[in-house]
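These are the structures, in C-alpha coordinates.
Common to both upcoming complexes is chain A, partnered first by chain B, then by chain C.
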Partner chain A sequence: MRGEKMAKINGEDFNEKITVGEYLKKAGYSAVRVAVMVNGEILPKNDYDSTEIKPDDEVEIVGFVGGG
Partner chain B sequence: MEDKLIIAGHEFNSRFILGSGKFDLDLINAAVKNAGAEIITLAVRRVNSFTGNILDHIPEGVTLLPNTSGARNAEEAVKIAKLAREAGCGDFIKIEVIHDSKYLLPDNYETAKACEMLAKDGFIPMPYMYPDLYAARDMKNAGAAAIMPLAAPIGSNQGLSTKQFIRILIEEIDLPIIVDAGIGKPSQACEAMEMGASAIMANTAIATAGNIVQMAEAFKNAIIAGRLAYLAGTGRVLDKASASSPLTGFIAD
Partner chain C sequence: MKISEREFAEAVNSRSKAPIYEKMKAATVGIAGLGGLGSNIAAALVRSGIGRLVIADFDRVELSNINRQAYLLRDIGRRKTEALAEILREINPFCEIVTHDVRVDEKNCLEIFGQCPIVCEAFDGAEEKAMLVNTLLSESKTVKIITGSGMAGFGRANEIVTRKISERLFVCGDGKTDVADGEGLTASRVIICAGHIASKAVEMILG
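== the complex of A and B ==
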(Lines of atoms letter the chains of each structure in order from A and count residues from 1; the text may use other names and numbers.)
(Lines give C-alpha, C1' and ligand atoms only; values in the text may rest on other atoms or scores of the structure.)
Protein backbone atom coordinates (compact mmCIF):
# COMPACT_ATOMS: atom_id res chain seq x y z
CA MET A 1 0.00 0.00 0.00
CA ARG A 2 1.17 3.47 -0.77
CA GLY A 3 2.81 5.25 2.12
CA GLU A 4 3.05 2.10 4.22
CA LYS A 5 6.43 1.48 5.72
CA MET A 6 8.13 -1.69 4.63
CA ALA A 7 10.90 -3.69 6.17
CA LYS A 8 13.74 -4.80 3.93
CA ILE A 9 15.31 -8.24 4.02
CA ASN A 10 18.53 -8.44 2.03
CA GLY A 11 17.32 -5.44 0.08
CA GLU A 12 13.85 -6.84 -0.76
CA ASP A 13 10.64 -5.31 0.56
CA PHE A 14 8.92 -7.31 3.27
CA ASN A 15 5.77 -6.52 5.24
CA GLU A 16 4.63 -9.55 7.20
CA LYS A 17 4.36 -9.42 10.97
CA ILE A 18 6.50 -12.38 11.95
CA THR A 19 9.63 -12.99 13.99
CA VAL A 20 13.11 -13.45 12.56
CA GLY A 21 12.98 -17.09 13.63
CA GLU A 22 9.67 -17.65 11.82
CA TYR A 23 10.96 -15.90 8.71
CA LEU A 24 14.10 -18.04 8.58
CA LYS A 25 12.06 -21.22 8.92
CA LYS A 26 9.51 -20.14 6.35
CA ALA A 27 12.16 -19.09 3.83
CA GLY A 28 14.05 -22.36 4.29
CA TYR A 29 17.20 -21.12 6.01
CA SER A 30 19.18 -23.19 8.45
CA ALA A 31 19.45 -20.85 11.45
CA VAL A 32 22.75 -22.34 12.59
CA ARG A 33 24.43 -21.49 9.28
CA VAL A 34 23.48 -17.86 8.98
CA ALA A 35 24.01 -14.65 10.89
CA VAL A 36 21.33 -11.99 11.04
CA MET A 37 21.84 -8.28 11.30
CA VAL A 38 18.97 -5.93 12.14
CA ASN A 39 19.59 -2.25 11.48
CA GLY A 40 23.33 -2.80 11.49
CA GLU A 41 23.47 -4.77 14.74
CA ILE A 42 24.11 -8.50 14.93
CA LEU A 43 21.11 -10.31 16.37
CA PRO A 44 22.12 -13.14 18.74
CA LYS A 45 20.61 -16.51 17.77
CA ASN A 46 18.79 -16.71 21.11
CA ASP A 47 16.79 -13.64 20.13
CA TYR A 48 15.57 -14.90 16.73
CA ASP A 49 12.27 -16.20 18.05
CA SER A 50 11.47 -13.16 20.17
CA THR A 51 12.41 -10.50 17.62
CA GLU A 52 9.59 -9.37 15.39
CA ILE A 53 10.45 -7.81 12.03
CA LYS A 54 9.13 -4.26 12.29
CA PRO A 55 8.26 -1.90 9.46
CA ASP A 56 11.36 0.08 8.52
CA ASP A 57 13.74 -2.61 9.83
CA GLU A 58 16.67 -3.40 7.60
CA VAL A 59 17.43 -7.07 7.97
CA GLU A 60 20.52 -8.71 6.51
CA ILE A 61 20.86 -12.47 6.37
CA VAL A 62 24.42 -13.52 5.67
CA GLY A 63 26.24 -16.79 5.41
CA PHE A 64 29.23 -18.38 3.74
CA VAL A 65 30.01 -18.38 0.05
CA GLY A 66 33.13 -19.32 -1.89
CA GLY A 67 35.99 -16.88 -1.40
CA GLY A 68 39.76 -16.63 -1.24
CA MET B 1 60.07 -36.22 12.92
CA GLU B 2 56.71 -34.52 12.87
CA ASP B 3 56.57 -31.30 10.93
CA LYS B 4 53.37 -29.48 11.66
CA LEU B 5 52.05 -26.08 10.81
CA ILE B 6 51.02 -24.51 14.13
CA ILE B 7 48.72 -21.49 14.19
CA ALA B 8 47.78 -20.17 17.64
CA GLY B 9 48.32 -23.64 19.11
CA HIS B 10 46.26 -25.44 16.46
CA GLU B 11 48.23 -28.09 14.56
CA PHE B 12 47.91 -28.87 10.88
CA ASN B 13 49.68 -31.48 8.80
CA SER B 14 48.97 -29.75 5.51
CA ARG B 15 50.69 -26.54 4.50
CA PHE B 16 48.27 -25.79 1.71
CA ILE B 17 45.37 -23.45 2.46
CA LEU B 18 42.81 -23.63 -0.30
CA GLY B 19 40.54 -20.77 -1.30
CA SER B 20 37.00 -21.69 -2.28
CA GLY B 21 36.19 -18.79 -4.61
CA LYS B 22 35.26 -19.16 -8.28
CA PHE B 23 34.64 -22.90 -7.91
CA ASP B 24 31.76 -24.91 -9.18
CA LEU B 25 30.35 -26.19 -5.85
CA ASP B 26 30.42 -29.76 -7.12
CA LEU B 27 34.20 -29.65 -7.52
CA ILE B 28 35.08 -28.28 -4.10
CA ASN B 29 34.99 -31.56 -2.26
CA ALA B 30 37.35 -33.29 -4.69
CA ALA B 31 39.62 -30.25 -4.86
CA VAL B 32 39.96 -30.10 -1.06
CA LYS B 33 40.65 -33.83 -0.89
CA ASN B 34 43.21 -33.81 -3.69
CA ALA B 35 44.85 -30.71 -2.24
CA GLY B 36 45.09 -32.49 1.11
CA ALA B 37 43.98 -29.13 2.51
CA GLU B 38 42.99 -28.88 6.18
CA ILE B 39 42.06 -25.21 6.02
CA ILE B 40 39.71 -23.62 3.50
CA THR B 41 38.82 -19.96 3.16
CA LEU B 42 35.30 -18.65 2.71
CA ALA B 43 33.66 -15.28 2.23
CA VAL B 44 30.67 -13.85 4.11
CA ARG B 45 27.88 -12.47 1.93
CA ARG B 46 24.13 -12.10 1.74
CA VAL B 47 22.71 -15.56 1.15
CA ASN B 48 19.38 -16.91 0.08
CA SER B 49 17.99 -20.28 1.03
CA PHE B 50 17.57 -21.78 -2.43
CA THR B 51 21.11 -21.86 -3.83
CA GLY B 52 23.36 -24.64 -2.55
CA ASN B 53 25.23 -24.12 0.69
CA ILE B 54 28.99 -24.31 0.31
CA LEU B 55 29.36 -25.88 3.75
CA ASP B 56 27.64 -29.00 2.37
CA HIS B 57 30.52 -29.43 -0.06
CA ILE B 58 33.45 -29.13 2.33
CA PRO B 59 34.73 -32.40 3.80
CA GLU B 60 34.30 -32.97 7.57
CA GLY B 61 37.12 -31.87 9.79
CA VAL B 62 38.41 -29.13 7.52
CA THR B 63 39.01 -25.88 9.41
CA LEU B 64 37.02 -22.96 8.05
CA LEU B 65 38.87 -19.70 7.62
CA PRO B 66 36.38 -16.96 6.77
CA ASN B 67 37.78 -13.78 5.27
CA THR B 68 36.65 -10.22 5.78
CA SER B 69 36.55 -9.43 2.06
CA GLY B 70 34.27 -6.52 1.33
CA ALA B 71 35.64 -4.59 4.32
CA ARG B 72 37.04 -1.15 3.47
CA ASN B 73 38.24 -0.29 6.96
CA ALA B 74 38.98 -1.91 10.32
CA GLU B 75 35.48 -1.44 11.70
CA GLU B 76 33.89 -3.19 8.74
CA ALA B 77 36.38 -6.05 9.03
CA VAL B 78 35.44 -6.49 12.68
CA LYS B 79 31.74 -6.56 11.81
CA ILE B 80 32.24 -9.20 9.12
CA ALA B 81 34.39 -11.28 11.48
CA LYS B 82 31.65 -11.19 14.11
CA LEU B 83 29.03 -12.19 11.55
CA ALA B 84 31.23 -15.12 10.51
CA ARG B 85 31.54 -16.25 14.11
CA GLU B 86 27.78 -15.90 14.62
CA ALA B 87 27.22 -18.03 11.52
CA GLY B 88 29.20 -20.83 13.12
CA CYS B 89 32.68 -20.48 11.70
CA GLY B 90 34.80 -20.50 14.83
CA ASP B 91 37.51 -18.01 15.75
CA PHE B 92 39.93 -18.12 12.82
CA ILE B 93 39.64 -15.03 10.66
CA LYS B 94 41.59 -13.94 7.61
CA ILE B 95 41.62 -10.15 7.79
CA GLU B 96 41.27 -8.54 4.40
CA VAL B 97 40.80 -4.76 4.19
CA ILE B 98 40.78 -3.39 0.67
CA HIS B 99 39.60 -0.14 -0.85
CA ASP B 100 41.41 -0.19 -4.14
CA SER B 101 39.36 -1.90 -6.80
CA LYS B 102 41.99 -2.06 -9.53
CA TYR B 103 44.84 -3.89 -7.79
CA LEU B 104 42.97 -5.08 -4.69
CA LEU B 105 45.95 -4.24 -2.52
CA PRO B 106 45.41 -4.52 1.23
CA ASP B 107 45.49 -1.47 3.50
CA ASN B 108 48.16 -2.46 6.03
CA TYR B 109 47.27 0.28 8.50
CA GLU B 110 43.57 -0.57 8.73
CA THR B 111 44.49 -4.27 8.73
CA ALA B 112 46.73 -3.83 11.77
CA LYS B 113 43.95 -1.94 13.55
CA ALA B 114 41.46 -4.71 12.77
CA CYS B 115 43.99 -7.25 14.03
CA GLU B 116 44.17 -5.56 17.40
CA MET B 117 40.39 -5.24 17.75
CA LEU B 118 39.78 -8.85 16.76
CA ALA B 119 42.55 -10.32 18.91
CA LYS B 120 41.04 -8.54 21.92
CA ASP B 121 37.70 -10.11 21.07
CA GLY B 122 39.11 -13.64 21.13
CA PHE B 123 39.59 -14.16 17.41
CA ILE B 124 42.63 -15.79 15.80
CA PRO B 125 43.59 -13.06 13.31
CA MET B 126 45.47 -13.97 10.16
CA PRO B 127 46.05 -10.69 8.30
CA TYR B 128 46.40 -10.58 4.53
CA MET B 129 48.96 -7.85 3.94
CA TYR B 130 51.42 -6.13 1.66
CA PRO B 131 54.85 -7.50 2.65
CA ASP B 132 56.21 -4.65 4.72
CA LEU B 133 58.39 -5.42 7.73
CA TYR B 134 57.09 -2.63 9.97
CA ALA B 135 53.46 -3.45 9.21
CA ALA B 136 54.10 -7.13 9.90
CA ARG B 137 55.66 -6.21 13.28
CA ASP B 138 52.65 -4.03 14.08
CA MET B 139 50.31 -6.90 13.24
CA LYS B 140 52.32 -9.32 15.37
CA ASN B 141 52.22 -6.89 18.29
CA ALA B 142 48.49 -6.46 17.69
CA GLY B 143 47.94 -10.18 18.18
CA ALA B 144 48.20 -11.72 14.71
CA ALA B 145 48.51 -15.52 14.75
CA ALA B 146 50.12 -15.65 11.31
CA ILE B 147 51.10 -13.15 8.63
CA MET B 148 49.78 -13.58 5.10
CA PRO B 149 51.85 -11.47 2.68
CA LEU B 150 50.80 -11.25 -0.95
CA ALA B 151 52.99 -12.65 -3.71
CA ALA B 152 51.21 -10.60 -6.39
CA PRO B 153 47.79 -8.99 -6.84
CA ILE B 154 44.83 -11.23 -5.94
CA GLY B 155 43.71 -13.52 -8.72
CA SER B 156 46.51 -12.44 -11.07
CA ASN B 157 48.47 -15.72 -11.19
CA GLN B 158 51.61 -13.58 -11.65
CA GLY B 159 53.71 -15.55 -9.17
CA LEU B 160 56.18 -14.53 -6.49
CA SER B 161 56.77 -10.93 -7.48
CA THR B 162 57.38 -9.81 -3.88
CA LYS B 163 59.79 -12.67 -3.18
CA GLN B 164 62.65 -10.70 -1.59
CA PHE B 165 60.28 -8.86 0.74
CA ILE B 166 58.55 -12.02 1.84
CA ARG B 167 62.01 -13.43 2.55
CA ILE B 168 62.60 -10.55 4.97
CA LEU B 169 59.38 -11.36 6.81
CA ILE B 170 60.36 -15.02 7.04
CA GLU B 171 63.69 -14.02 8.56
CA GLU B 172 62.45 -11.34 10.91
CA ILE B 173 58.93 -12.24 12.05
CA ASP B 174 58.51 -15.07 14.51
CA LEU B 175 55.10 -16.17 13.27
CA PRO B 176 53.99 -18.50 10.47
CA ILE B 177 54.40 -16.63 7.17
CA ILE B 178 51.73 -17.84 4.76
CA VAL B 179 52.16 -16.66 1.19
CA ASP B 180 48.76 -15.57 -0.04
CA ALA B 181 47.51 -14.24 -3.37
CA GLY B 182 49.08 -14.19 -6.78
CA ILE B 183 50.71 -17.61 -6.79
CA GLY B 184 49.87 -19.02 -10.21
CA LYS B 185 51.77 -22.30 -10.56
CA PRO B 186 52.97 -25.15 -8.38
CA SER B 187 56.62 -24.22 -9.14
CA GLN B 188 56.03 -20.79 -7.56
CA ALA B 189 54.45 -22.36 -4.49
CA CYS B 190 57.43 -24.68 -4.25
CA GLU B 191 59.86 -21.76 -4.54
CA ALA B 192 58.15 -19.92 -1.68
CA MET B 193 58.24 -23.04 0.48
CA GLU B 194 61.93 -23.63 -0.33
CA MET B 195 62.78 -20.22 1.05
CA GLY B 196 61.01 -21.02 4.31
CA ALA B 197 57.40 -19.91 3.98
CA SER B 198 55.24 -21.81 6.46
CA ALA B 199 52.34 -22.40 4.08
CA ILE B 200 50.76 -21.37 0.80
CA MET B 201 47.27 -20.07 0.26
CA ALA B 202 45.99 -20.40 -3.31
CA ASN B 203 42.64 -20.15 -4.97
CA THR B 204 42.57 -18.71 -8.48
CA ALA B 205 45.52 -20.81 -9.67
CA ILE B 206 43.44 -23.92 -8.99
CA ALA B 207 39.99 -22.55 -9.81
CA THR B 208 41.11 -21.36 -13.25
CA ALA B 209 43.23 -24.42 -14.13
CA GLY B 210 42.26 -26.69 -17.01
CA ASN B 211 41.75 -29.62 -14.65
CA ILE B 212 40.95 -28.25 -11.21
CA VAL B 213 41.24 -31.43 -9.22
CA GLN B 214 44.55 -32.39 -10.86
CA MET B 215 45.98 -28.92 -10.24
CA ALA B 216 44.99 -29.15 -6.56
CA GLU B 217 47.10 -32.29 -6.33
CA ALA B 218 49.99 -30.68 -8.24
CA PHE B 219 50.04 -27.83 -5.71
CA LYS B 220 49.93 -30.26 -2.81
CA ASN B 221 52.97 -32.11 -4.10
CA ALA B 222 54.87 -28.91 -4.91
CA ILE B 223 54.28 -27.55 -1.41
CA ILE B 224 55.43 -30.81 0.16
CA ALA B 225 58.55 -30.82 -2.06
CA GLY B 226 59.36 -27.21 -1.23
CA ARG B 227 58.97 -27.83 2.48
CA LEU B 228 61.21 -30.89 2.38
CA ALA B 229 63.85 -28.93 0.44
CA TYR B 230 63.73 -26.15 3.01
CA LEU B 231 64.12 -28.60 5.89
CA ALA B 232 66.91 -30.43 4.05
CA GLY B 233 68.79 -27.21 3.27
CA THR B 234 69.43 -26.49 -0.39
CA GLY B 235 72.92 -27.08 -1.79
CA ARG B 236 75.41 -24.28 -2.36
CA VAL B 237 75.71 -22.29 -5.58
CA LEU B 238 79.08 -21.89 -7.32
CA ASP B 239 80.24 -19.67 -10.17
CA LYS B 240 82.22 -22.49 -11.78
CA ALA B 241 81.75 -26.20 -12.29
CA SER B 242 82.47 -28.75 -9.60
CA ALA B 243 82.72 -32.30 -10.95
CA SER B 244 80.17 -34.72 -9.60
CA SER B 245 82.15 -37.77 -10.71
CA PRO B 246 85.65 -38.54 -9.34
CA LEU B 247 88.53 -36.84 -11.21
CA THR B 248 90.83 -39.82 -10.54
CA GLY B 249 90.91 -43.42 -11.73
CA PHE B 250 90.12 -42.66 -15.38
CA ILE B 251 90.16 -45.70 -17.64
CA ALA B 252 93.34 -45.83 -19.81
CA ASP B 253 92.96 -45.56 -23.61
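== the complex of A and C ==
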Protein backbone atom coordinates (compact mmCIF):
# COMPACT_ATOMS: atom_id res chain seq x y z
CA MET A 1 0.00 0.00 0.00
CA ARG A 2 1.27 3.45 -0.87
CA GLY A 3 2.76 5.30 2.08
CA GLU A 4 2.82 2.23 4.30
CA LYS A 5 6.10 1.84 6.11
CA MET A 6 7.81 -1.45 5.62
CA ALA A 7 10.91 -3.01 7.07
CA LYS A 8 13.61 -4.47 4.84
CA ILE A 9 15.48 -7.67 5.57
CA ASN A 10 18.48 -8.23 3.31
CA GLY A 11 16.89 -5.81 0.86
CA GLU A 12 13.49 -7.57 0.75
CA ASP A 13 10.29 -5.94 2.02
CA PHE A 14 9.02 -7.37 5.28
CA ASN A 15 5.98 -6.39 7.31
CA GLU A 16 5.35 -9.02 9.98
CA LYS A 17 5.36 -8.14 13.66
CA ILE A 18 7.89 -10.62 14.98
CA THR A 19 11.19 -10.50 16.83
CA VAL A 20 14.58 -10.96 15.24
CA GLY A 21 14.90 -14.27 17.11
CA GLU A 22 11.60 -15.52 15.69
CA TYR A 23 12.55 -14.42 12.19
CA LEU A 24 15.90 -16.22 12.35
CA LYS A 25 14.21 -19.45 13.44
CA LYS A 26 11.54 -19.14 10.77
CA ALA A 27 14.08 -18.45 8.01
CA GLY A 28 16.25 -21.38 9.08
CA TYR A 29 19.26 -19.48 10.40
CA SER A 30 21.36 -20.82 13.26
CA ALA A 31 21.69 -17.98 15.78
CA VAL A 32 25.32 -18.87 16.54
CA ARG A 33 26.30 -18.53 12.87
CA VAL A 34 24.91 -15.10 12.10
CA ALA A 35 25.60 -11.44 12.59
CA VAL A 36 22.54 -9.20 12.55
CA MET A 37 22.79 -5.51 11.74
CA VAL A 38 19.79 -3.27 12.41
CA ASN A 39 20.01 0.15 10.78
CA GLY A 40 23.75 -0.22 10.41
CA GLU A 41 24.46 -1.25 14.02
CA ILE A 42 25.25 -4.73 15.28
CA LEU A 43 22.42 -6.29 17.30
CA PRO A 44 23.83 -8.17 20.33
CA LYS A 45 22.78 -11.83 20.43
CA ASN A 46 21.16 -11.35 23.84
CA ASP A 47 18.73 -8.90 22.26
CA TYR A 48 17.48 -11.15 19.42
CA ASP A 49 14.44 -12.38 21.32
CA SER A 50 13.44 -8.98 22.71
CA THR A 51 13.92 -6.95 19.53
CA GLU A 52 10.85 -6.63 17.34
CA ILE A 53 11.38 -5.78 13.69
CA LYS A 54 9.83 -2.33 13.30
CA PRO A 55 8.49 -0.69 10.14
CA ASP A 56 11.33 1.28 8.54
CA ASP A 57 14.02 -0.95 10.06
CA GLU A 58 16.75 -2.04 7.70
CA VAL A 59 17.90 -5.45 8.82
CA GLU A 60 20.94 -7.20 7.37
CA ILE A 61 21.54 -10.81 8.34
CA VAL A 62 24.92 -12.29 7.50
CA GLY A 63 24.84 -16.09 7.69
CA PHE A 64 28.32 -17.51 7.94
CA VAL A 65 29.47 -20.75 6.31
CA GLY A 66 32.62 -22.68 7.15
CA GLY A 67 35.95 -22.75 5.32
CA GLY A 68 39.08 -20.66 5.42
CA MET B 1 70.09 -10.41 -0.20
CA LYS B 2 70.30 -7.32 1.96
CA ILE B 3 67.78 -4.68 0.91
CA SER B 4 67.35 -1.27 2.52
CA GLU B 5 63.86 -0.07 3.43
CA ARG B 6 64.27 2.77 0.96
CA GLU B 7 64.92 0.32 -1.86
CA PHE B 8 61.94 -1.78 -0.78
CA ALA B 9 59.68 1.30 -0.64
CA GLU B 10 60.81 2.45 -4.09
CA ALA B 11 60.08 -0.99 -5.49
CA VAL B 12 56.56 -1.03 -3.97
CA ASN B 13 55.90 2.43 -5.41
CA SER B 14 57.69 1.85 -8.70
CA ARG B 15 54.75 1.84 -11.12
CA SER B 16 52.37 3.99 -9.12
CA LYS B 17 51.90 7.73 -9.61
CA ALA B 18 50.87 8.14 -5.96
CA PRO B 19 53.01 6.71 -3.17
CA ILE B 20 51.69 3.41 -1.80
CA TYR B 21 54.41 2.40 0.62
CA GLU B 22 54.21 5.40 2.95
CA LYS B 23 50.49 4.96 3.63
CA MET B 24 50.79 1.18 3.95
CA LYS B 25 53.77 1.57 6.30
CA ALA B 26 51.68 3.73 8.66
CA ALA B 27 48.85 1.17 8.83
CA THR B 28 48.05 -1.67 11.24
CA VAL B 29 45.88 -4.65 10.26
CA GLY B 30 44.79 -7.56 12.47
CA ILE B 31 44.32 -11.07 11.09
CA ALA B 32 42.29 -13.58 13.11
CA GLY B 33 43.11 -17.12 12.01
CA LEU B 34 46.15 -18.07 9.94
CA GLY B 35 44.79 -20.74 7.64
CA GLY B 36 44.04 -20.51 3.93
CA LEU B 37 42.57 -17.03 4.23
CA GLY B 38 44.77 -15.52 6.92
CA SER B 39 48.16 -16.71 5.68
CA ASN B 40 47.45 -15.53 2.14
CA ILE B 41 45.98 -12.20 3.29
CA ALA B 42 49.13 -11.60 5.35
CA ALA B 43 51.42 -12.38 2.42
CA ALA B 44 49.52 -9.95 0.18
CA LEU B 45 49.66 -7.16 2.76
CA VAL B 46 53.39 -7.44 3.52
CA ARG B 47 54.14 -7.37 -0.22
CA SER B 48 52.39 -3.99 -0.36
CA GLY B 49 54.44 -2.72 2.57
CA ILE B 50 52.01 -2.93 5.51
CA GLY B 51 53.73 -1.45 8.57
CA ARG B 52 52.26 -3.60 11.33
CA LEU B 53 50.38 -6.88 11.41
CA VAL B 54 48.72 -8.39 14.48
CA ILE B 55 48.29 -12.10 13.74
CA ALA B 56 46.60 -14.73 15.93
CA ASP B 57 46.17 -18.50 15.74
CA PHE B 58 46.53 -21.33 18.29
CA ASP B 59 47.26 -24.06 15.75
CA ARG B 60 50.30 -25.78 14.29
CA VAL B 61 51.01 -26.38 10.59
CA GLU B 62 49.89 -29.79 9.27
CA LEU B 63 50.42 -31.51 5.93
CA SER B 64 46.69 -31.07 5.19
CA ASN B 65 47.22 -27.27 5.26
CA ILE B 66 49.71 -27.17 2.42
CA ASN B 67 47.00 -27.49 -0.26
CA ARG B 68 45.90 -23.89 0.30
CA GLN B 69 47.87 -22.13 3.01
CA ALA B 70 51.05 -20.10 2.53
CA TYR B 71 53.24 -22.47 4.59
CA LEU B 72 56.06 -24.63 3.28
CA LEU B 73 56.81 -28.29 3.95
CA ARG B 74 59.59 -27.23 6.32
CA ASP B 75 56.94 -25.66 8.57
CA ILE B 76 54.99 -28.84 9.39
CA GLY B 77 54.69 -29.19 13.16
CA ARG B 78 55.58 -25.53 13.85
CA ARG B 79 53.25 -22.98 15.37
CA LYS B 80 51.43 -21.10 12.62
CA THR B 81 52.21 -17.72 14.18
CA GLU B 82 55.93 -18.47 14.22
CA ALA B 83 56.10 -20.12 10.78
CA LEU B 84 54.07 -17.36 9.12
CA ALA B 85 56.04 -14.57 10.80
CA GLU B 86 59.23 -16.09 9.36
CA ILE B 87 57.78 -16.31 5.83
CA LEU B 88 56.47 -12.73 6.07
CA ARG B 89 59.86 -11.40 7.22
CA GLU B 90 61.47 -13.16 4.28
CA ILE B 91 59.15 -11.22 1.97
CA ASN B 92 59.32 -7.87 3.80
CA PRO B 93 61.66 -7.46 6.77
CA PHE B 94 60.35 -3.96 7.50
CA CYS B 95 56.92 -5.02 8.73
CA GLU B 96 56.41 -5.26 12.50
CA ILE B 97 54.65 -8.54 13.23
CA VAL B 98 52.87 -9.01 16.56
CA THR B 99 51.96 -12.67 17.17
CA HIS B 100 49.35 -14.14 19.52
CA ASP B 101 49.66 -17.89 19.85
CA VAL B 102 46.25 -18.32 21.39
CA ARG B 103 42.73 -19.46 20.54
CA VAL B 104 40.82 -16.24 19.89
CA ASP B 105 37.54 -16.13 21.81
CA GLU B 106 34.90 -13.70 23.11
CA LYS B 107 36.98 -12.88 26.16
CA ASN B 108 40.32 -12.06 24.52
CA CYS B 109 39.46 -10.76 21.04
CA LEU B 110 39.07 -7.12 22.05
CA GLU B 111 42.37 -7.21 23.91
CA ILE B 112 44.14 -8.75 20.88
CA PHE B 113 42.53 -6.69 18.11
CA GLY B 114 41.01 -3.63 19.80
CA GLN B 115 43.85 -1.37 18.67
CA CYS B 116 43.67 -2.48 15.03
CA PRO B 117 41.60 -0.09 12.87
CA ILE B 118 41.03 -2.98 10.41
CA VAL B 119 40.61 -6.65 11.32
CA CYS B 120 40.44 -9.47 8.78
CA GLU B 121 38.33 -12.38 10.03
CA ALA B 122 39.97 -15.51 8.61
CA PHE B 123 38.78 -18.41 10.74
CA ASP B 124 37.75 -21.78 9.35
CA GLY B 125 34.60 -22.35 11.43
CA ALA B 126 31.29 -20.55 10.86
CA GLU B 127 30.64 -20.12 14.59
CA GLU B 128 34.08 -18.62 15.18
CA LYS B 129 33.51 -16.21 12.29
CA ALA B 130 30.19 -15.10 13.81
CA MET B 131 31.75 -14.84 17.28
CA LEU B 132 34.51 -12.50 16.14
CA VAL B 133 32.24 -10.26 14.08
CA ASN B 134 29.62 -10.00 16.84
CA THR B 135 32.09 -9.43 19.65
CA LEU B 136 34.32 -6.89 17.93
CA LEU B 137 31.45 -4.89 16.44
CA SER B 138 29.70 -4.81 19.84
CA GLU B 139 32.67 -4.17 22.10
CA SER B 140 34.71 -1.81 19.92
CA LYS B 141 33.30 1.44 18.59
CA THR B 142 35.85 1.81 15.82
CA VAL B 143 37.23 -1.49 14.48
CA LYS B 144 36.22 -2.30 10.89
CA ILE B 145 35.94 -5.97 10.00
CA ILE B 146 36.42 -7.71 6.68
CA THR B 147 35.22 -11.28 6.88
CA GLY B 148 35.41 -14.31 4.57
CA SER B 149 32.39 -16.56 4.11
CA GLY B 150 31.90 -19.02 1.26
CA MET B 151 34.98 -20.14 -0.68
CA ALA B 152 34.81 -23.95 -0.62
CA GLY B 153 35.12 -26.10 -3.75
CA PHE B 154 36.72 -25.08 -7.02
CA GLY B 155 35.98 -22.86 -10.02
CA ARG B 156 33.11 -20.32 -10.01
CA ALA B 157 35.73 -17.66 -9.43
CA ASN B 158 33.37 -14.84 -10.37
CA GLU B 159 30.89 -15.79 -7.65
CA ILE B 160 33.29 -14.56 -4.99
CA VAL B 161 32.52 -10.92 -4.26
CA THR B 162 32.98 -8.24 -1.62
CA ARG B 163 29.74 -6.97 -0.06
CA LYS B 164 29.38 -3.93 2.17
CA ILE B 165 27.00 -4.71 5.03
CA SER B 166 27.59 -1.53 7.04
CA GLU B 167 30.27 1.15 7.45
CA ARG B 168 32.14 -1.30 9.68
CA LEU B 169 31.43 -4.71 8.13
CA PHE B 170 32.40 -6.14 4.76
CA VAL B 171 31.83 -9.77 3.73
CA CYS B 172 33.91 -11.48 1.05
CA GLY B 173 33.03 -14.82 -0.52
CA ASP B 174 30.13 -16.45 -2.34
CA GLY B 175 28.14 -16.51 0.90
CA LYS B 176 27.05 -20.11 0.46
CA THR B 177 29.62 -22.84 -0.32
CA ASP B 178 30.21 -24.45 3.08
CA VAL B 179 33.22 -26.70 3.58
CA ALA B 180 30.94 -28.91 5.71
CA ASP B 181 29.12 -29.91 2.49
CA GLY B 182 32.19 -31.90 1.41
CA GLU B 183 33.40 -29.92 -1.60
CA GLY B 184 36.82 -29.46 -0.05
CA LEU B 185 38.99 -26.38 -0.33
CA THR B 186 41.31 -25.47 -3.20
CA ALA B 187 44.10 -22.91 -3.04
CA SER B 188 42.92 -21.17 -6.20
CA ARG B 189 39.48 -20.39 -4.81
CA VAL B 190 40.57 -19.68 -1.23
CA ILE B 191 43.22 -17.27 -2.56
CA ILE B 192 40.57 -15.40 -4.55
CA CYS B 193 38.65 -14.84 -1.33
CA ALA B 194 41.84 -13.92 0.56
CA GLY B 195 42.59 -11.50 -2.28
CA HIS B 196 39.17 -9.87 -1.89
CA ILE B 197 39.75 -9.41 1.85
CA ALA B 198 43.29 -8.08 1.44
CA SER B 199 42.16 -5.84 -1.42
CA LYS B 200 39.42 -4.26 0.70
CA ALA B 201 41.94 -3.68 3.50
CA VAL B 202 44.35 -1.98 1.07
CA GLU B 203 41.49 0.13 -0.30
CA MET B 204 40.60 1.26 3.23
CA ILE B 205 44.24 2.21 3.85
CA LEU B 206 45.01 3.94 0.54
CA GLY B 207 41.55 5.27 -0.30
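The rule we apply is simple: the second predicted complex is superposed on the first by the 64 of 68 C-alpha atoms of A that agree within 3 Å, B and C clash if a C-alpha of one lies under 4 Å from a C-alpha of the other, contacts with A are read in each partner's own complex, and residues count from 1 in each chain.
Here, contacts are C-beta pairs under 8 Å (C-beta built on N, C-alpha and C of every residue); 3 or more make two chains touch, one makes a residue touch a chain.
Quantities reported herein were computed from a predicted structural model and do not represent experimental measurements.
Chemist: Taking the superposition on A as described, I'd like to know which of chain B and chain C A:I18 touches: first, second, both or neither.
Modeler: So A:I18 meets neither chain B nor chain C here.
Chemist: Is A:G28 touching anything from chain B or chain C once the two structures are fitted on A? First, second, both or neither.
Modeler: Touch status of A:G28: first partner only.
Chemist: Determine, under the contact definition given at the top, whether A:M6 touches first (chain B), second (chain C), both, or neither.
Modeler: neither
Chemist: Which partner, chain B or chain C, is in contact with more residues of chain A?
Modeler: Partner touching more chain A residues in the overlay: B.
Chemist: Scan A:G68 for contacts with chain B and chain C and give back first, second, both or neither.
Modeler: Touch partners of A:G68: chain B and chain C.
Chemist: Do chain B and chain C touch any of the same residues on chain A, and if so, which?
Modeler: 32-35, 37, 42, 44-45, 60, 62-68
Chemist: Quick check on the complex: what are the chain B residues that touch chain A?
Modeler: By the definition above, chain B touches chain A via 19-23, 25, 28, 41-50, 53-55, 64, 66-67, 69, 79, 82-84, 86-89, 154-155, 181, 201, 203-204.
Chemist: Which bits of chain A are touching chain B when the two form their complex?
Modeler: 10-11, 27-30, 32-37, 42, 44-45, 60-68
Chemist: Where on chain A does chain C make contact in their complex?
Modeler: 32-35, 37, 40-42, 44-45, 60, 62-68
Chemist: In the complex of these two chains, what residues of chain C are touching chain A?
Modeler: Going by the criterion above, the answer is residues 33, 35-38, 122-127, 129-131, 133-134, 137-138, 147-152, 165-167, 169, 171, 173, 175-180, 185, 190.
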